[in-house]
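Look at the two complexes coming up: chain A is in both, with chain B in one and chain C in the other.
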Partner chain A sequence: MPNETSDPKLSEIDTMKSRLSVLLPGITLEWSEFRGQTRVICPANQLAKCLSAFREVGFDQLTDLTAVDLLEYGNADDRFEVVYCLLNVESGLRLIAKIYLNEPDLTIPSATPVWFGADWLEREVYDMYGIVFSGHPNFKRLLLPEEFQSFPLRKDYPVKGRGERHNFPVITRAES
Partner chain B sequence: MATQINKQLGDNIFLTKLDAAASWARANSLWPMPFATACCGIELMSTAASKHDLSRFGSEVMRFSPRQCDLMIVAGRVVMKMLPVLQRIWLQMPEPKWCISMGACACTGGVFDTYAVVQGVDRFLPVDVYVPGCPPRPEQLIRSIIDLQEKIQSGGTINAREFKLRILPEGPTRFDEDELIRIRERNGFKLDDQKYNPVH
Partner chain C sequence: MPLELLESPDLDASKREGLWTLNFGPQHPATHTTLRLVLQLDGEMVIDAQPDIGFLHSGFEKLGEVLDFNQYVTIVDRMNYISPMANEIAWHHAVEKLMGIELTPRCTYIRTIFAELMRLHDHLLCLGACVLDLGGATAFMYAFNARETIYEICERASGQRFHTSYTRVGGLLYDVTDDWVAMVKDFVRNFPKVYKDFEGLVMKNRIFVERTRDVGVLSREEAIAGGATGPNARASGVTRDLRRDEPYLAYEDLDFDVCASQGGDCYARFQVRMMEMLESIKIIRQAIDKLPQGPIFAGDTGKAGIPDKKEVYRSIEGLIHHFENIMPNRQMPAPKESIYAATESPNGELGYYIVGDGTFRAYRARTRPPSLLHFALFSRLIRGCMLSDVVAVLGSINIIAAELDR
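Then we have the complex of A and B:
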């Protein structure tokens, strides 16, 4: 007879955790809870294995992929954080997976082999933060012009830019 | 002889200058090109719609091809990716042509003082009439069109000689605060250095 006080969602999370520990032997995942959200921090050098394991345990949808620049943020040790928001469509379970990155090595494996929806999300993260996703099928800037040099959501980039918005020819009335 | 002609034609002859006749015709048949990129475009549509009815002022024929237009209405913010498109459309319009910069964003960049938004289209295009407002009411746009009509009628020439005189850029110069920040950074000064950045 099942214990009636136990939360069915909690037991689901425990099952998922134990399945992951079988799928990822020797890889330490840092688990935490915040307001009912399950978060896990993966080692950056084992990201590809972790992502396919997440898919394996039922997280079949990548709802969001984004990044955070932690420059001068509290007492953060690392520069960038890449966040994967995952959803198990069948059970409704959600997982937020994170990795930390530091300059100069900002190359991580692409998530497109696991969830193809990562295509534009990864291009946007590259556009704004300069994080490179290796193995992406069409890796280039998504929103900004191709010739743009900077990564504007980095905290050390000035809000007004570095003069890119003034870098155009001036058309006078006489010559137009 | 003269009295005979007078008798036959009566009051059916008007004497004017060719320049004035051409300008009068042009001013009352402006064909706008709606370059609507933001909320100002909604007001522009409202101006052309039945309540305010821009056709009362002889400029209701909106055309979405620049080849058929002689009045560019830049309605809304223009980002740095859009500006080359705007310039190209402007160059595709046949002479004589005029430009109305509608709203705070098209005139100055408005609240969007960021890396991606052009701080006023007049930096890169010749603008004839500015309309302030965020967004301007249709009455304001109608006023700007009446102003433009007055401008055309007061200074217009049949072979557009008045445009040939405007050889200098008319907007703010490139050497503004942003340019200064860039130069300071290149020279190794910090952005938050009070000594070199007293504005903030």
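Then we have the complex of A and C:
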């Protein structure tokens, strides 16, 4: 029976954690909290399993999917962090799941089979960071043109750009 | 993007026979800004639509890593330029959550009033412009007349009609004056008349109803798994509103209802927006009556905010305080942590994922734009509709390309 005095949100988080440990045997999840936000670090090689387990415990919406380039971030050990912001629409519980990635292996399984809303979010992450999502149904750049070679939100890409605009192919009226 | 790259993955060659391809945009009056659709048509029926975006991509998120928390506010209000202040409030909400700053009551109330004015601003344009696209110019003028008053209210508070850049970390650029309060009260008094006119012209207009009802239906499951939020999700029966579910600013003290519908079609989305306008007026009316007195910047020591200009020019303490908060090597450091914080913007959940690195600027400033996830749903909504419905569906999900592409 739930205790009257305890915070319902907290017991919900504990239930979620214990259900996850049953669903993911042998996988160590690293939990932390900051300003009331629950965060978890998953092992990158077990990502697909973790994502379907998160879906299983009630996180039915992928609110956001993004990445961070940790190249200039203090004494970070890894190069990239991929962040999944999950939400349980019914209860309003949020979870931030992270994985760490290093070059040269920047391929991770796509989340589109679990939440189809991941489609454009994954394409944007590829566009900006060059992280490849395998199993995505329509994988290509989203915002930048196909001819673009770099990944502009990486920290080694200059704010001013590398003059790509001058190299874009020019289509004349006669050709179009 | 070239046409051959925009071929739909779900449409194989056998189904493609006899279809014709229509390019829609990027320059088209109904796209409002620049977005492109490649439609596959069977006669007048849309079999598939592939959106092509990125025409307005300007690297805002890269700029967010260069500018400090106060400077970047001038960029965020250019994202959803239909409701600029809603972006500013969301951005500084996330920054304040990262830094752990508690706002003063007066500041939260002023921000709440502005957030709701922006909701009216956005919904009026969304409704007005869509009706214009569907062929009714009159309602558009009524909507823009009301929006003009909101512009004037913004100008009175911040000195700028459009890109107000009004919020600051822990406070606001200026305090509001008594005549601003009078203007808002005046607006609240006059709005029900505008609403009544608008409702009569649009929501009870038979042509409008027939063109939007049962068009572009979004089911509840699709809305949840696809990441739809805000009025678009509420029109599909997802009764989630961050103002009620994760109260921020002054929403906890104010009485309002969450508007939702079960329809899921274009008409339901417009209906939810219409109902929300009345709730916004209710919130503004309560907030302006309760508007507390006191400082607008957080903290007694004033550490978080920029001091009043009078203090800066007339006292050495004020000058030092100003200096400490403006000079790049002396500003308040953000913790070496990351946070995701979201507000209920007029279009849906507008979130920011900020990574702090111990300085007064973001190491990573990710925007979660509601338009991006809504536009990704577009090809699902339009399949099986007529060519003329494209405009109705586009208008009803309220895509703002500047926010979509950033």
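One rule holds for everything that comes next: the second predicted complex is superposed on the first by the 165 of 176 C-alpha atoms of A that agree within 3 Å, B and C clash if a C-alpha of one lies under 4 Å from a C-alpha of the other, contacts with A are read in each partner's own complex, and residues count from 1 in each chain.
Here is the rule we use: a contact is a pair of C-beta atoms (placed from the backbone, for glycine too) under 8 Å apart; a residue touches a chain by one contact, two chains touch by 3 or more.
Note that this is a predicted model, so its numbers are computed, not measured.
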| item | value |
| --- | --- |
| Which of chain B and chain C A:144 touches, first, second, both or neither | both |
| Which superposed partner A:45 touches (first chain B, second chain C, both, neither) | neither |
| Contacts of A:85 with chain B and chain C, given as first, second, both or neither | second |
| Touching partner for A:165 - first (chain B), second (chain C), both, neither | first |
| Partner chain(s) touched by A:102 [first = chain B, second = chain C, both, neither] | neither |
| First, second, both or neither for A:152, with chain B first and chain C second | both |
| Broader residue contact with chain A after superposition on the shared chain, chain B or chain C | C |
| Partner chain(s) touched by A:63 [first = chain B, second = chain C, both, neither] | second |
| Partner chain in contact with A:134 - chain B first, chain C second, else both or neither | neither |
| First (chain B), second (chain C), both or neither touched by A:35 | second |
| On chain A, positions contacted by chain B and by chain C | 144-145, 152, 159 |
| Chain C - residues contacting chain A, complex | 1-2, 5, 8-9, 53-54, 57, 59, 61-63, 65-66, 97-98, 100, 224-229, 238, 240, 245-246, 336-340, 342, 349, 351, 353, 355, 357-358, 363-364, 366, 368, 372-373, 375-377, 405-406 |
| Residues on chain A engaged by chain C in the complex (per definition of touch) | 34-35, 37, 60-64, 66, 68-69, 72-74, 83, 85, 89, 92, 94, 96, 115-117, 119-121, 124, 128, 137-138, 140-146, 152-153, 159 |
| Partner chain A, residues of chain B touching it in the complex | 80-81, 83-84, 87, 90-91, 113-119, 123-126, 163-171, 174, 177-179, 181-182, 185, 191 |
| Touching residues on chain A, where the partner in the complex is chain B | 144-145, 150, 152, 157-176 |
